[in-house]
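First the structure, in the form of structure tokens, and then the observations on it.
Per-chain numbering from 1; labels A, B, C and D assigned in written order.
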Amino acid sequence: MNTPLIPTAILRICCPDQKGIVAAVSGFVFERGGNIIHSDQHTTDFQNGAFFMRIEFALDALQISAERFEGEFSAIASRFQMQWNIQYTSQIKRMGIFVSKEPHCLLDLLWRWKAGELAAAIPLIISNHPNLKPIADDFGIPFHCVPSDLDTKEAQENYVLGLIKGHVDFLVLARYMQVLSDALVSQYPNQIINIHHSFLPAFAGAKPYQQAYTRGVKIIGATAHYVTAQLDEGPIIEQDVIRVTHRDGMDQLREKGRDIERTVLARAIRWHLEARVIAYENKTIVFG
Amino acid sequence: MNTPLIPTAILRICCPDQKGIVAAVSGFVFERGGNIIHSDQHTTDFQNGAFFMRIEFALDALQISAERFEGEFSAIASRFQMQWNIQYTSQIKRMGIFVSKEPHCLLDLLWRWKAGELAAAIPLIISNHPNLKPIADDFGIPFHCVPSDLDTKEAQENYVLGLIKGHVDFLVLARYMQVLSDALVSQYPNQIINIHHSFLPAFAGAKPYQQAYTRGVKIIGATAHYVTAQLDEGPIIEQDVIRVTHRDGMDQLREKGRDIERTVLARAIRWHLEARVIAYENKTIVFG
Amino acid sequence: MNTPLIPTAILRICCPDQKGIVAAVSGFVFERGGNIIHSDQHTTDFQNGAFFMRIEFALDALQISAERFEGEFSAIASRFQMQWNIQYTSQIKRMGIFVSKEPHCLLDLLWRWKAGELAAAIPLIISNHPNLKPIADDFGIPFHCVPSDLDTKEAQENYVLGLIKGHVDFLVLARYMQVLSDALVSQYPNQIINIHHSFLPAFAGAKPYQQAYTRGVKIIGATAHYVTAQLDEGPIIEQDVIRVTHRDGMDQLREKGRDIERTVLARAIRWHLEARVIAYENKTIVFG
Amino acid sequence: MNTPLIPTAILRICCPDQKGIVAAVSGFVFERGGNIIHSDQHTTDFQNGAFFMRIEFALDALQISAERFEGEFSAIASRFQMQWNIQYTSQIKRMGIFVSKEPHCLLDLLWRWKAGELAAAIPLIISNHPNLKPIADDFGIPFHCVPSDLDTKEAQENYVLGLIKGHVDFLVLARYMQVLSDALVSQYPNQIINIHHSFLPAFAGAKPYQQAYTRGVKIIGATAHYVTAQLDEGPIIEQDVIRVTHRDGMDQLREKGRDIERTVLARAIRWHLEARVIAYENKTIVFG
């Protein structure tokens, strides 16, 4: 899985399971000069199931243009009733980040981004608080404080939409403590990644560390998921956990939790950027 | 923490936090010839908190009888408003096991018991199904199938109570799929250990693996807890988790989960037997 | 990954990486009526690398016999210089188990086997000690104590070879504390699975828990690997670890370690049985 | 374990195990007005063992000065042949950081330090390369590039010693790729913390990720340890691990490893700062 040095395309497919899909897709790519580097499939059930495929191929010897490739692929796609999507490593995705007051997830993302771990552009950071602006400034990224003095929630969201529309490909809520409206969410289906500071579905909603402390759990966690209209109910991309003991007070839970939140969010974003994730029926397939 | 070869006593204490407790208790033990082998304390908060202590000491050079020791300790105990309990390693605890149809937790306990990992007596196994009787027979342990043809739930429980009363010190629900009545639970406060096949509070109630599969979590778990009147709400003793992926169907979740259930339940029982657990306000302190 | 109810074949391939392999193989299977259920590929490097493939397909609609399928596949195989192997789920593999005195791994395997977790036949158990015979008897499996009164190591091995030759497909060393001769090992290349009670390469050789205790590590582990002529140096199939603390003496390390040994060995055997493992240059590819 | 708001002292003790130590120490503290907040003990063996104690007590009601307290404690200490040490939370420790070219551990430490997770002063950062100076500048910490044009290794070390002597209490090697001389190490016994990027003792020495990749392990790790004269052989403070697969090339191992290195090093430093660690016979006791 070493990073290829030559440009590749990643084709993701979802369709009803049936005979011959793998052969048809891999044959199609091969016949046009695409050298398949990775290919993963998954079928949800043995019979009457859904079929998922992620196929990455090198573009250097492709004998036709990408446009023509996509055009010709449509024929196969309709034959198998496919939903499909193609992504090119040469096209850097633009990631908009939303934050509130907590800096750890934002900082971690920006450090990884600077270290070359996240192959994305970051056109802007949006917050409902001004306090993280200096971090954005340090990294030279435009920071927008959503004016809370606007009259209505609707006005705020319109302002936000004006900032992001056409300028970002997906959104990351890096501890953004506001609920997005259904209107905004519906414009970015499976393109908004949130980090929730608990192992969902445990401790959904507000103050999960407080909830965890009160319940006396021996393990805490974090969950990265796509945002849907239902709060904390969207398809889970990644989760991780860490042990706690009776010695850990609220401060310790928060401190231990921060380390987990950072790594879980970073993994989910990386997988999203590498087009490894397919959301389906409120779950995700994550190809390794 | 090698097992001592000479008999020891374990004193557990819970009281309001105040100055001088550690000095008073350790001085008391020392003055009577008790050699302290382990001593652990915990305070819930820095001010106005609760204080917990577990102190294990060798009995070989104790200058007075255990009875007299306990009697004299009462004076300290009332001075500090202590709830306390003393347990002797020479007194083997009697563990009653409840099961339904699933054998893996029962088998694991019996294997560990036979291998000497669990220092308990097992006077009986009770089940609402007959199918695990051959396992009990293999290990030479009396097996009682609770007659389901008794007229009422109350009659069944009375039958069970008749079997266990005075014959067991604590109960283990090793995948027992029936709810115990409040009447029975109230007779064994913090003396009934249940294994629930999820990381509580996620997926409480019935069919947790089905729930986990439907929600699409990336980690599943198991929880050992003391049973209280509220189903799946009692103090958590231990939890552990294992990763799952989109490739894992219901069967795989159950299979992976079984390994976690076994180890989590075994740890909880061992800690309970070693008097490491103190339940307090629906949480547990577990001394290492 | 739910267990298919109809018979399948699993084809494993290893060859130099080159264009068109996936298309050729999946096309070949499809054209003969094989419905591909899983297909995984891996390439070690982007250029001049080795290519690995595991493809599982249903046999119910295969239009030719398995023999003819294999015969025709040879043509593709030579074109791509493939090493390949085909395994049928209808052919139950025969697993020979070697043990010494420690029962936990043996017991765990037999329990899982009885519970249906390991789809294998167990024709015999071989030991250099008589003490685990009662366990073999319990499960109705022939137990052979290798006569230690034979004159030479060579004579012992010949005796062992006589027992296993033609009667087992692969061997599991479930805490077998003897070194197998190169002669025996060479007859079962990547068909002998050993469990070593450390996270190799740390603590290879004798008494790994003693070594771990002396070194003061904070984590101990277990490693399942294929046996090669070099002791503890063969391709690693699976590893897992568990935390220990300064409180854990030698007995606790052994006790905690036993739980890890059991699960690691069981996973490795299951993956071996499901033809998920390809050994290559002293490493393994393990398809999920 | 919530952070106390009033100043405390932490007393660490190591001595031959014998009766009455806990009573004597806790009585001593209590009689002088010290309120014990935490108290932990550990004995290596049941008989003829070594005894370790860490006791934290509040200073607000102490009836004598710290100097006098220490003076009077000497009497007990000699009676029990104790090695002991007392640390005050009011005295901030000074941490010198050594780095080479890799920024991730340094950055992580500085972020945590800025976030208030590490209660230390950082008087200086020393490196054998100039490239991380901008990071030091960002955080306003003096950065010293050890002049590599000095004639000898000895001259370099004398230069370093001149920088740190009297100005730091302990040293952190945050991916410092040079070996310190025995002369320097001997001046900071158990006061130099190194992060090694493998689960020691596996893959000691140079290029551990390369070694891990070549060996084909399924788990990689990181180890924080005190530095001794023997490279990578000092007492281990903390270790952690992360799973890898055959898909992970060298770049992925390094990337996954970085996350583990950061957290393991941060934990070790925090425990060192909180006086939780006692090194003894090339192991550590780490009180929770």
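Criterion: contacts are C-beta pairs under 8 Å (C-beta built on N, C-alpha and C of every residue); 3 or more make two chains touch, one makes a residue touch a chain.
These figures come from a predicted structure and were not determined experimentally.
Enquirer: When I count C-beta pairs in contact, which pair ends up with more: A-D or A-C?
Expert: When the contacts at A-D and A-C are counted, A-C has more.
Enquirer: Sort the other chains by how far their Cα centres are from that of chain A and give me the top one.
Expert: Centroid comparison gives B as the farthest chain from chain A.
Enquirer: Whole-Å distance, chain C centre to chain D centre, using C-alpha means?
Expert: Comparing mean C-alpha positions, chain D is 42 Å from chain C.
Enquirer: Taking the mean of the C-alpha atoms as each chain's centre, how many Å separate chain A from chain C?
Expert: 36
Enquirer: Where in chain C do residues touch at least two different other chains?
Expert: Only 2, 45, 245, 247, 249, 288 qualify.
Enquirer: For the complex, which residues does chain D have touching chain B?
Expert: Chain D residues touching chain B: 2, 4-6, 19-24, 26-27, 29-31, 35-41, 43, 45-46, 61, 288.
Enquirer: In the complex formed with chain A, which residues of chain B make contact?
Expert: Residues in contact with chain A: 42, 45, 199-203, 215-219, 221, 235-241, 245-247, 249, 282-286.
Enquirer: Per the contact definition, I'd like the list of chain B residues that touch chain C in the complex.
Expert: 1-3, 103-104, 107, 111, 115, 117, 138, 245, 247-252, 255, 259, 263, 288
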